[in-house]
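Shared between the two complexes below is chain A, which pairs with chain B and chain C, respectively.
Moving on, here comes the complex of A and B:
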């Protein structure tokens, strides 16, 4: 079983600072492996443990993204591939085309795993685009994955329902965080991860014809969520009643 | 909250321009483990609603104890500073586990530095992997830093020693599988490895402590506790010197642990000050609160630099005994003050909330344990006076 996992070295949203004008301070911001990508790596490692094979982690990123690849290698992936481009500059279709080129170059993969979206920009566009470019079936938002022989059965976690689908191998899937609990690499695995192979590819040689659509992020603003700040005062019984009424009016509770 | 944050990262980069990325990856991974597996349970360890055993085992499996030991004995061969920084992070996540692990590691250090290579081969892999929990048994009911006055004896009979006496305030007592015990032979204080269970080894009731409640502490009693002669560490009569050396290293670690306690108390009170309102504004707007915030922050930064500095001298092979003592005196007293200020900032909630005042209760131990502030000031000043002549 040969599994590719696409990972992104993302801005650490938990440590991101926003200036008084609402602009996120991206320069020099702390970074990390995109949160749900860990679930994708974990799932790949579980499939490998059950069926044996190889797990290759692939990232479009600057040299900083080696940290994320190394973390995936520490978790247990076998080798890493870095495609040198800045994900803050390239658009999603170009990212998908680069990933597809690296996957095609790497030979016959049985499974390509992504997460539902990156924890910084969270467009969720790359996984389906990647499936389209590769011409493979796509299963989005997977919360459970079973591989039997040459086919997969997956539970898709949708807004108000769970859909069970089947697909032949190879396929592309995006996973949601409920699919598993990512393992912590031990310190010795972290130290040894540096010894695992990591290949660096340039977009020009990998996919000279791949083009961006040119859709770029023009600006990015932090969104402030306004709170209603309603305070009820009075004896507990009255306050509880008022709270119930308010929650019902707001549609939180059914009428 | 990121337990391993940008400030730690920057210091690592300054101290280790070449290797800092690897070290930061190790520490950041440990930090994430602690954020998820330890920090949320910390107040429950204090109240007894949860036990530290499982979390401690998890830390051992991650490799916390392996950091600064050579690879040939199951270590990672990383600098001492990476280990001390890891203990700072653990102090932030939970001080009582940090104490338990720190003592455990001090035993590994003693065996590694003063034991035979056979002893290192036999015991270090067990200790560093956490398969065996270790306990350091030096202090007695009537003997503390003046280790030479110990009353516990070891008498050689045939191929073994018979140890008799008792040890007091022993961390990990009862839970541990290995005890590094100090007892007097005819040649003076000597050091032994005792494996539990042993029919001559028993324990008093758990002591009711003010803080550090997650870790077990009790009296350890030796009554004709037989130990094979190959379990003597180093030479007879040199035990007090070994203990002193082990404690110098442990003092750096205790300093780091206290920086970690101060950090969590500070973070909580800073968050509180930003949202608590008085007289129509948040209390963080008041100058007297701001003064506390500034002093707390400066103390934490200074404490961290002191233990980094002492760690680095140790790594470079210098005499770090005074710097270790300076780091411990400063960091333990700083953290007590920071925890006290944290209670003050949080007012009535500080005094009545376990999760706030527990940091002060935890910190309170460490101006006493592993060398009191008074004894350490004696050591520091003694060296200053000797060298100025």
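Moving on, here comes the complex of A and C:
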């Protein structure tokens, strides 16, 4: 079983600083593996454990993205592929085409896994785009995945319903965080990750005809959180009274 | 500039909302809009122009089929902008359409305008910490955030019907079941009490449930409680990857206030929080907070509520 996992090295949304003018300080901001990608890596490792095979992690990003690839390698992936491009410059369709080209170049993959969306932009567009470019079956928002022989059975977690879907291998799927609990690599695994193979590909040689189609983030500003931020401290009975008084004044408590 | 806008959603409510977005966009730009539906999807389309796509097999219920049908029709009619409701299936439809038509695509946008050959719209980014101003050159596809636009009312306009030919699918749905919901639907709840990691064991959820019951509200939770602990069904998970809620009052109990959780509660009218840690980020996102142990504060609240009812 050959499994590709697409991962993104993303600015850590919790650590992102905003200046007094509401401008995000993206340059030099702390970054990490996009939160839900860990679930995709974990699922790939579980499929590998059950069916044997190889897990390849692929990322479109700057050289900083090697950190995310290394983290996935430490979790247990076998090798990494970095497609050197700035994710802030490429758009979703270009990202999907680059990932597709790397997957096609890598030979016959049985499964391609993504997370439902990245923790920075959370657009959720790349996984279905990738399936469409590759011409493969797509199963989105998977919370349970079973592989039997050459077919997959998956539970899709939609807004109000659960769908059980069947697809033949190879296929592309996006997973939701409910699917598993990602493992933490051990110190030894982290040290060994540096020795695992990491290939670097250039977008120009990989997919010379692919290009961004021009959709872009024109600007980003901090969202004002206009909350009152009144905090009560003291004995439970007192603070309970104060809170209920305040909520009554707001008119949000049932009569 | 005269533009042609299409509106589509497989979800009836979102379809009316996207129709409203398309109408507003077309009217502002002196263009036209068409609301597109699928044969057999059980929807009553709204708007001044309607188009129903049909095939030999039912197209409804599959984002894969919807995207293929829309792409075939769009290749003939060439709408400048295709708006799709930003449901989970809708995002798949939008993504696939973009690739099939070789167009660019933006997602979860609202506040749409057209200027200088570009579709502009706003979207949340970085778990709602930032608001991004997006620009997509025409022709393009965009998924429209649900719950923002007021849906158009029904209309008696006759729909045009277009046969898109045979559509072959690569996946097969073998079962579809409604998610089990609690007694109250979180999305429409006026009052929600939510539990987080501050709740030490599953049995203690009854405390949170008691407070919700006393206030006539629904019970929600942060991701760890449904995903990691499995104490509540995932349908109760409020946040970026769970349900987005907009109650009059949201009470976060023992929730630290990670951005992903706050992203799902931002539209609440009033937010109250109970947490032992004074520096917990939830207090930054709240109107009223109590620094204290939920195991002391909830009983005190219940007692006080009881006293006030007498």
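Before moving on, here are some points about what is shown:
We adopt the following convention: the second predicted complex is superposed on the first by the 224 of 255 C-alpha atoms of A that agree within 3 Å, B and C clash if a C-alpha of one lies under 4 Å from a C-alpha of the other, contacts with A are read in each partner's own complex, and residues count from 1 in each chain.
Rule of thumb we're sticking to: contacts are C-beta pairs under 8 Å (C-beta built on N, C-alpha and C of every residue); 3 or more make two chains touch, one makes a residue touch a chain.
Worth saying up front: this structure is predicted, and the values here are computed from it rather than measured.
Judged by the touch definition given at the top, the superposed model places A:14 against both chain B and chain C.
Once the two complexes are laid over each other on the shared chain, residue contacts for A:157 go to chain C alone; chain B is not touched. In the superposition on chain A, A:64 makes contact with neither chain B nor chain C. Put chain B and chain C next to each other and count what each touches on chain A; the higher total goes to C. Once chain A of one complex is fitted onto chain A of the other, the partner contacts of A:91 are limited to chain C, with no touch recorded for chain B. By the touch criterion defined above, A:185 lies against chain B but remains apart from chain C after alignment on the C-alpha atoms of chain A. When the shared chain is aligned, chain B comes close enough to touch A:194, but chain C does not.
Once the two complexes are overlaid on the shared chain, A:146 sits clear of chain B and of chain C alike. Of the two partner chains placed by superposition, only chain C is touched by A:225; chain B is not.
Once the two complexes are overlaid on chain A, the chain A residues touched by chain B in the first and by chain C in the second are 14.
Across the interface of their complex, chain A is touched by residues 2, 5-6, 21-22, 25-26, 29-30, 32-33, 61-64, 66-67, 76, 78 of chain B.
Those residues of chain A lying in contact with chain C across their complex are 11, 13-14, 16, 18, 24, 35-36, 91-93, 96, 116-117, 119-129, 131-133, 136-141, 143, 153, 157-168, 171, 176-178, 181, 213-223, 225, 227-233, 236-237, 239-241, 243-244, 246-247, 250, 252-254. Residue ranges on chain C touching chain A, taken from their complex, read 63-64, 67, 87-89, 91-92, 94-96, 98-100, 102-108, 120, 124-137, 140, 170-179, 191, 215-216, 223, 226-228, 234, 240-241, 248-249, 258-260, 266, 269-272, 278, 283-292, 296-297, 299-301, 303-305, 308.
Within the complex formed with chain B, the chain A residues making contact are 12, 14-15, 30, 67, 70-71, 74, 184-188, 190-191, 194.
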